[in-house]
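Presented below are the structures under discussion, each in the form of structure tokens.
The following pair of complexes shares a single chain, chain A, combined with chain B in the former and chain C in the latter.
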Partner chain A sequence: MEQERISAAQFKKMVFLYTIGTSVILVSNMLASDAANDAWFAAIVGTVAGLGLVGLYLALVRLVPGKTLVEICFVLLGKWLGLFCAFLLFVYSFVLTTLVMRNLGDFLTASLFPETPIYAIHLVYLLIVLIGVRYGLSNIARTMDIFYPFIFLLFILFALLLMPDVDLKQIQPILRSGAKPIVNAAYSYISFPYLEFILFLMIFSKIENARDGGKAFLNGTFLGGFVLLIITILCITVLGTEMTASNLYASYEMAKTIKIGDFIQRVEAIIAAIWFVTIFCKLLLCFYMTIQSFSQTFHLGEYRPFVFAMGVVLFAISIIVVPDSGYFISFDRYVWTVYALTCGFVIPLLLLVVGFIRRKRNVQESASGGLDNTPDY
Partner chain B sequence: MWGVTAVLAAGAMIFAFEVPALFVRRSRRAWAAFLFLLTAGISILLCIAAGVAIPSPLEPLRMIFEPVGRAIRGE
Partner chain C sequence: MKPTYVFMLLVIWCSLLSGCWNRRELNELAVSVAIGVDKKEKGILLSDQILNAGAIAQLGSSYATVNLFEQPGLSFQEAARRMTTKSTKKIYVGQLQMLVLGESFAKEGVAQVLDHISRDHEYRNDFLVVVARKIKARDVLKILTPLEKAPATKLKNSLEVSAAVWGETSAVEFRAFTSNVISKGKEAVLTGVTVKGSIEKGNDIGNVGKIFPGARLAYAGGLAVFKQDKLIGWLNDKESIGYNFTQGNIKSTVLLLPCPNSSRVISVELLRTKSKMTASIKNDRPLVQIVVKADGVVTDAQCPIDLTTPATLSKLKEASNAQISSYIKATVRKIQQHYNSDIFGFGQLFRRKYPEYWKKHEKDWYEVFPTIEVNIQPNVNVRQMYKTTKSIEERMKGG
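Now for the complex of A and B:
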């Protein structure tokens, strides 16, 4: 099998589209329900923390260059502990993929296709994703190349159309209820989407130039965070805090308010198109990460024969994963945050500490003339 | 009954589609992984098609993490 390589610019586009996918509709509601009219501030805090997390992941990659996340687990923790850790990360990526799938289905059945059964939507979407993943990573990267300018233009158009309705008074009073609600909101925001970026280490080793890749990772995160910040500000200033906090799909509701003259109206299709495309990208990347971590965790080699089988499992689980939307909201609030924190922060931090200790010991042993017993994996 | 038939047909199609590549590979691990995934997926889909209620696979996660999550939020 030939090595699949992607360029740093393509990686930046991947990170950007991944950050926006699903978040573009859900984040403003999530932030506003905790931080009310300071949601924009929480968005800034979350983005800064996200950039810090990316720095942590980059440090981990620099410690063990040229390896994917699962391989890093095996190199640093050995055979059995490494297997355990890699398995945890595989489960995380799998759960994430099913939830992204389910988000898509829930949104489409709630907004655009009220009478279509959810499994039909999942099936159609999943088939495209499966074919994309079977074609391989360089193909996925070229898909991102095509979608990136398209999404940018749509987003700018969307923001411009909303400008006449912006009412900056909605942001005031600033920081009325102190720091606690902001921290609460930022905490949810970090767990979704920033802590999921740990899984990008499955792709990172495929970048041609690792140094540029690091910059691209930070750039993509920043751009994605910026777009989400703009969306949040628009939601608060156009819809108002209460509407934003009570509508699960706030930015979609906001697009419904656009009406310029009698000829530009019902442009919520724009935000629906942004959502369609970015969630496709996110699902594609998530599925790729899941199947890669699966085949690497269990040392199965080439992942392609498992794509369709994994697709069946994913399809089945995505139907039963959340019984109702109340379950989903409470799950997101109390369970997903901690779970993402464990997999996206505690595990990489642990790997980093273990890596530093091992490197230090190696340096000491070679300095004292001892045997250089760097294990050969 | 249509659902059950469709699920079984899809399973058979995927099996027939992937088997040549697996024969070439001659890896017992790969066979085991493939069969495990396919049977797991097909059996859950059969349960859904037959109308058997299945608890959400998120339940174990919820039981482990929910107390911590509520404590962190201070609720």
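Now for the complex of A and C:
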């Protein structure tokens, strides 16, 4: 396999862009439909839980350093059970990638290009992603380097432009809806995006300095969660709870309200540009992780020959995976979270437990097996 | 090998460079600036005011600057699409400025229109919504107006200005209207618009050729009160001002205070008006306190009065307070006893401050609402009299 390295700073940017990609459009609606005006608190709960998950993933890589997620499966579970586990994770990443693609297509056809067939949008977008993935991880990382400052500035600009429309009263009463709605909202929020972070272990081993990488992972998650929190607060205070909960793409709807004087208005397309870019980054990373887990699960070595084929399959499935948007919404709500919880929480936890047991046994027997690498950083 | 490769790339590029899938060039668009909705036996009657770009560009054109297309239909979308059989172009609503609802249509509920507009991607939600009072929405859209080329622009501008500096009207954006219709704890209001003069005279380019046009659009007769999505009645002009005081919608307005011992009036202009409503519960009884703060300036004194003494100014202050208080009281009384629709947003106040109380009474809110005690505290500070001291009347007397 080729040696592609990325720096910890680049990894942080990746995590950040990945966190806000697609979530930035969907999260406020998702949170508000459960937790109403306490959605902001659910966002905080979700982010804290997300940081906890990142801690879990970091514990896993600390146990088996220098390996990707799929390799960890093989190391810890052996040949056949490892293959099974790695395959599950590959399917998860694949489904995730198709859904991210579909999110983008649905958003664009519902709000900007209603008469454009969804496959045309997918095709154009996917072509760029394929090219990007073929260029390899270090080039993907450099792309994020370029986008990161722009996204940050545009986001700050977006928040500032919305300031005149903010009505803080909308957020009251504070925390009176009880624990259940907040837990419900936070529960879906964790699955999207935080449980997906398990896949970052596919590229974590490529970071030059693993200790800095851990910090970068937490930093990126925190920053992304913070941006999503701000977006949620803005949605509730600008649009109000009812409108946020009933608008699928609430933050886009919110961008339409920007009006300063008679000259700064109708800027929502510029805001949509933020989402184009972040979703591109998310899709690029998702696809890269999928193709990597595919080639590593089946020990195929180099991943590049499969990029195009995988793209074709992805393209087809992204069209048929969702028959209608009602299905998608109920799928997100009732199925996806459980699935993501299995792959993003149960499996890594299992791996961690197995890892600890095996290490203990190794230490006791003081044998020099395949698992003698103690964490040395 | 290589030239073929390049050629193929060029072909692919060409297909990508052709632009958007469903692009629509400017000359293919019929830009709709105002939409009217009326009741028609079974469904609705949709009227679209379309800009006539040629007539706008050409000064002194003999064509009307806008045209009106009408189409009955069972649903909004059907009527809008069917309209293409009359308009030569597909109607574009991204520049919509006004939505005019006919009174008889609004009485039966406007939810279907709100649903379509908030669902469709092309509409923005920053246009204003008004009700055509006693006439049909289509008649409002038929009137050509002076000063602005598009009557819709005139409607929008004069509503925004009058809401800010006079206070009898209220510039309600579609977004706020929908939100109030959906939300529990606050109901919607809309301003009424009507035509003065003969409707038929307005439907002609000649209408704007006159100094005093034969038909004029005007906001008159106060605010329409909604309960959920149905119009249930109207507030008169004073009650409308009272309502806008409670909502803090008024930036500035004029109070007319009676002169002592005469039928004439003193005008006090209010500047920097601010209002605040607070909910509280005393002995298990709901109470709302409305505080209105403003700075007053005497702008017109028709009676002999000496404004240089502090005593006079404090009298004026008391009179202003009494008047604001009486406006708001009248509104509250009418709304609580007659319409029983929470247009003030009292429910929202209680929901925010006393969530448990709100939860208990959410279902039977309209049994609680009329019993809410409203405590009004106007606080006007009359400080100035602009450039002159004593009134002309006073100086004529030689006092």
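Operating definition for what follows: the second predicted complex is superposed on the first by the 364 of 377 C-alpha atoms of A that agree within 3 Å, B and C clash if a C-alpha of one lies under 4 Å from a C-alpha of the other, contacts with A are read in each partner's own complex, and residues count from 1 in each chain.
Throughout what follows, contacts are C-beta pairs under 8 Å (C-beta built on N, C-alpha and C of every residue); 3 or more make two chains touch, one makes a residue touch a chain.
Remember, predicted model here, so these are calculated numbers, not experimental data.
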{"item": "Fit or clash between chain C and chain B when superposed on chain A", "value": "fit"}
{"item": "First (chain B), second (chain C), both or neither touched by A:M310", "value": "first"}
{"item": "Chain B versus chain C as contact partner of A:E115, first or second or both or neither", "value": "second"}
{"item": "First (chain B), second (chain C), both or neither touched by A:R176", "value": "second"}
{"item": "Per-residue contact with chain A, leading partner among chain C and chain B", "value": "B"}
{"item": "Partner chain in contact with A:V124 - chain B first, chain C second, else both or neither", "value": "second"}
{"item": "Touching partner for A:T257 - first (chain B), second (chain C), both, neither", "value": "second"}
{"item": "From chain A, separation angle of chain B and chain C (C-alpha centres, steps of 10 degrees)", "value": "110"}
{"item": "Partner chain in contact with A:L349 - chain B first, chain C second, else both or neither", "value": "neither"}
{"item": "Overlay on chain A, chain C to chain B nearest C-alpha distance, Å", "value": "11"}
{"item": "Residues of chain A contacting chain B in one complex and chain C in the other", "value": "none"}
{"item": "Footprint of chain A on chain C - complex, ascending", "value": "16, 20-22, 118, 121-122, 124-126, 175, 178-179, 182-183, 351-356"}
{"item": "Of chain A, residues touching chain B in the complex", "value": "95, 184, 187, 294-295, 298-302, 304-306, 308-317, 319-323, 327, 331, 333-335, 337-339, 342"}
{"item": "Residues of chain A that touch chain C when the two form their complex", "value": "110-117, 120, 124, 169, 172-173, 176-177, 239-243, 246-247, 253, 256-257, 259, 265-266"}
{"item": "Touching residues on chain B, where the partner in the complex is chain A", "value": "10-11, 14, 17-18, 21-22, 25, 27, 29-30, 33-34, 37-38, 40-42, 44-45, 48, 54, 56-58, 61-62, 65-66, 68-70, 72-73"}
